[in-house]
Amino acid sequence: GKSLMANSKYEYVKAFEREQHELAGTWLVVRLDGRGFHRFTTQHDFVHPNDIRGLNLMNACARACMEEFKDICLAYGESDEYSFVLSPDTKFFDRRTSKILSVVVSFFTSNYVHLWPQHIVDDQNQPVRLQYPPQFDARVVCYPSLQHLRDYLSWRQADCHINNLYNTTFWALVHSGKTEAEAERVLRGTFSKDKNEILFSQFGINYNNLPAIFRRGSIFIHHSVAEKLVKVGVTSKTDPTPVERVVVRKRHQIDLLHTDLIGDAFWGEHVDVFPV
Amino acid sequence: GKSLMANSKYEYVKAFEREQHELAGTWLVVRLDGRGFHRFTTQHDFVHPNDIRGLNLMNACARACMEEFKDICLAYGESDEYSFVLSPDTKFFDRRTSKILSVVVSFFTSNYVHLWPQHIVDDQNQPVRLQYPPQFDARVVCYPSLQHLRDYLSWRQADCHINNLYNTTFWALVHSGKTEAEAERVLRGTFSKDKNEILFSQFGINYNNLPAIFRRGSIFIHHSVAEKLVKVGVTSKTDPTPVERVVVRKRHQIDLLHTDLIGDAFWGEHVDVFPV
Amino acid sequence: GKSLMANSKYEYVKAFEREQHELAGTWLVVRLDGRGFHRFTTQHDFVHPNDIRGLNLMNACARACMEEFKDICLAYGESDEYSFVLSPDTKFFDRRTSKILSVVVSFFTSNYVHLWPQHIVDDQNQPVRLQYPPQFDARVVCYPSLQHLRDYLSWRQADCHINNLYNTTFWALVHSGKTEAEAERVLRGTFSKDKNEILFSQFGINYNNLPAIFRRGSIFIHHSVAEKLVKVGVTSKTDPTPVERVVVRKRHQIDLLHTDLIGDAFWGEHVDVFPV
Amino acid sequence: GKSLMANSKYEYVKAFEREQHELAGTWLVVRLDGRGFHRFTTQHDFVHPNDIRGLNLMNACARACMEEFKDICLAYGESDEYSFVLSPDTKFFDRRTSKILSVVVSFFTSNYVHLWPQHIVDDQNQPVRLQYPPQFDARVVCYPSLQHLRDYLSWRQADCHINNLYNTTFWALVHSGKTEAEAERVLRGTFSKDKNEILFSQFGINYNNLPAIFRRGSIFIHHSVAEKLVKVGVTSKTDPTPVERVVVRKRHQIDLLHTDLIGDAFWGEHVDVFPV
């Protein structure tokens, strides 16, 4: 009728949408990062430099994304950011940029708020009130080869290491009584070696003994485990004696790791997912 | 030290990010839409065809976006979707597509989950449990002229009207005892006129008397109101007698409307924001 | 048979082509510019600062483009560059960026080499040998409104003026015996006023009396002229007496102008092509 | 002065140019194709189905492009088209799409017109007059891996084979007296095998003996040859006796091949340029 005609008159505006597709045959990375999380973590009294509750919450959101979006083959997270990797042959949303970008960041955020009360709890295990809704930015990046992808993940893991070594030393100095300005001055121009030295000599901290989740970040990866089940039952119509049978079943699970991504070991173990 | 060198070795991957900017001088529309909301609304027992709680929740999220992202000059929502309009001279994130897209959809989603318990309540005003976190897709579209933008908004409002007339009639038939398949058959091939007729003759419903929020959707727009305040005080150093003064102050507010966007009236009233 | 099957095996690579379309509803400008024309004009002994043969050749190529690509509504040229304007509703190649870009620059170049012998002639009117084939780069730019387009053309025409005033003064100094380094030093830091002054006092040149093609560049625009033709013939089956009839016919032509594009006059005269 | 200020007022329009870069780390292919060459070859009486003069001209243009644009590592041509390959680490124009696209198609076209009189000659070796300037379209495509690139080139070479087999049989039929419509009817639904059979039984043509340039197209590739030179001269300040020395010098050349690109042999021979 009239209204349908009216709408068909306006429908031409739909053609102004440009459909952008990510180049076929490339690895896709969706990286998201908390917006203004300096303020957000401060307002919610996150522990310095690493709040394990916050990291666990980030990881729970990433796991939810991997369960929801089966095309994500690996996820890597550190601080307020997460990178989701899709394989070169993914057909997720026909590789439409906006769709991939928006649903991943939307679902991650949705989980962040939804799971907040389970993770961000106080000493009495009571949920900390969320003072304002957080937001994440996101981008999609293409990497043409596995080497590029490995370099990307090495970049993020090296970033995690560098920041964590700095922050650990910085906050050790601050907690020992220095002002933030003093701590900053002490660290200016220092190398890794120097920070390790400060940690060890002044605070008795062996950096390499700190939790791997702080030093290396978090990796999620799919894993198929062969499970043996013992089934008991009759196997023949004529013989009623129950017999035991071992049944092998493949069960899918998502593993959380805090291992090194830079060397070759990890990639050697996962050639099935990341063929050279 | 070593790690910094290690990272600078990998940093080249950053250059694979392409920075896409939306064309300057055009209206930008960010439209987001609930993913799989057919299932989501069903699972949470939303009222058919319009659940006022759900619409209020969407509107609360849109309002939060307008407060957070000052560059949004108008928002229009209906069903599970919302369109946010940014003016041709917006410099929001330097018009970077990914940034605009991701933070808007992320913050909207964040609010949806955060505000859910306030809005989606049962008969006893108790929050309905959110069964799983929702997700929204989003896109950015450029419109070169105000006429294009008006046609875009007319397209969405006409869509609202067409769907709402259909759904209202459909659910009236279903609530009157028809199966969904029967209701669908009744409506197949009908015009607006016919649906209005069914509503009126069979259910005594005058379509035009239904709430405007259902028929026309929701519009948010900025509004500056001049407030008169009476201040009492001394005005001179020599005369201690307090006097009353009327002070005019501009106060900003965000108005929620359910009016027609297709005709010229709305645009005539808002030429300041939408100059021809 | 086998080969077709073989090819269908490879055809998937076609999908890696991304089809980019220029935003609908915007003015499109294709600007091309001679690559390394400093060297090219030097090698072919072009007259300094303006070689009328070279400008005429550029103009002949632009005219050929306007005749070949009917969607070009205006062209503006100066120095080694040309800008071609397509209207907001052009459907040329469905607004595909690569197609528009490539055929315009290809056809322009093709004409440049083809028409070279007619235009670049020596004192005896003999063609100068083309020492090596020239090349042009090109780009497509969108402008959302007529005001943007006008500003674009004003930018190019102002560029023409500024360069021409500088070059005219520079070469006058050089031709009067200064070295190029000396001439440059004289002009460093001068304003328009100063250059006009040097031209007038030292060389008796009134800049405004120089040919408009040098000062303002070249504009091509479509023009419909109503032509009156007197036709003689019989008009009736019964009366064999030949009569004269005046027939008005619209004839299309492409006009070459060297007028001002910055002020309002030009646009007032061509509101039909460039409606406000 | 005033004009500079005037121009800076307009310069903002420059920002509307979007700089698009081709994804780093991928093979780039620039494919160009004669526009409307059905008509162009007909008008200039090209021999059917393959005019060796036309192919030689295309090849001369491709060679010129390879000499001009050193980053092109391979070129493949057939019919009215040419594909130019740039390696994944090319920094040609910083990988700017418009620049690469425009200068390649422009320079190719420029050479086509420039070299026309040398190649397109009649029986008396006199240049055939170019009736109108030709034009080429062009596009840039990214391929992430060498396998993709090989499949791309296989696609073009298979296309060459399929078209050439068809055209050879078609024109044999036409030259033997059939109308074009009859020839088409004969070939409808036939397989490669059938066409080979028609050629052999009716025209005594063994398809595989036809010139490789027709069957496989043309490949240009860089080649470094070690040249031995015998130099005669004195080698010591004290001994004036001239001695002979063998000097090895690397000389660069561009080879023209008409070999198979689909199998592994070609790629095995050129692993230096195309590493796996």
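Just so it is clear, A, B, C and D label the chains in written order, and each chain counts residues from 1 on its own.
Methods note: a residue touches a chain if its C-beta (ideal position, glycine included) is under 8 Å from a C-beta of that chain, and two chains touch if they have at least 3 such contacts.
Computed from a predicted model, the values in this text were never measured in an experiment.
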Which chains are shared contacts of chain B and chain C?
A, D
Relative to chain C, the most remote chain by C-alpha centroid is chain A
Pick same or different for copies chain C and chain D, depending on whether their interface residues overlap by over half.
same
Between the pairs A-B and B-D, the one where more C-beta pairs touch
A-B
Chain-centre distance (mean CA atoms) for chain B and chain D, in whole Å, is 54
Chain A and chain B, separation of their C-alpha mean positions in angstrom:
31
Contacts with two or more other chains, residues of chain C listed in rising order:
16, 23-25, 142-143, 148
With chains as vertices and touches as edges, which is it: line, ring, star, complete or other?
complete
In their complex, what parts of chain C are in touch with chain D?
1-4, 6-7, 10-14, 16-17, 32, 35, 64, 68, 98-99, 101-103, 105-114, 130, 133-143, 148, 151-152, 154-155, 158-159, 161-162, 165, 191-194, 262
Hey, which residues of chain A end up touching chain C in the complex?
15-16, 18, 21, 23-25
Which residues, counting only chain B, touch chain C once they are in their complex?
23-26, 88, 142-145, 148
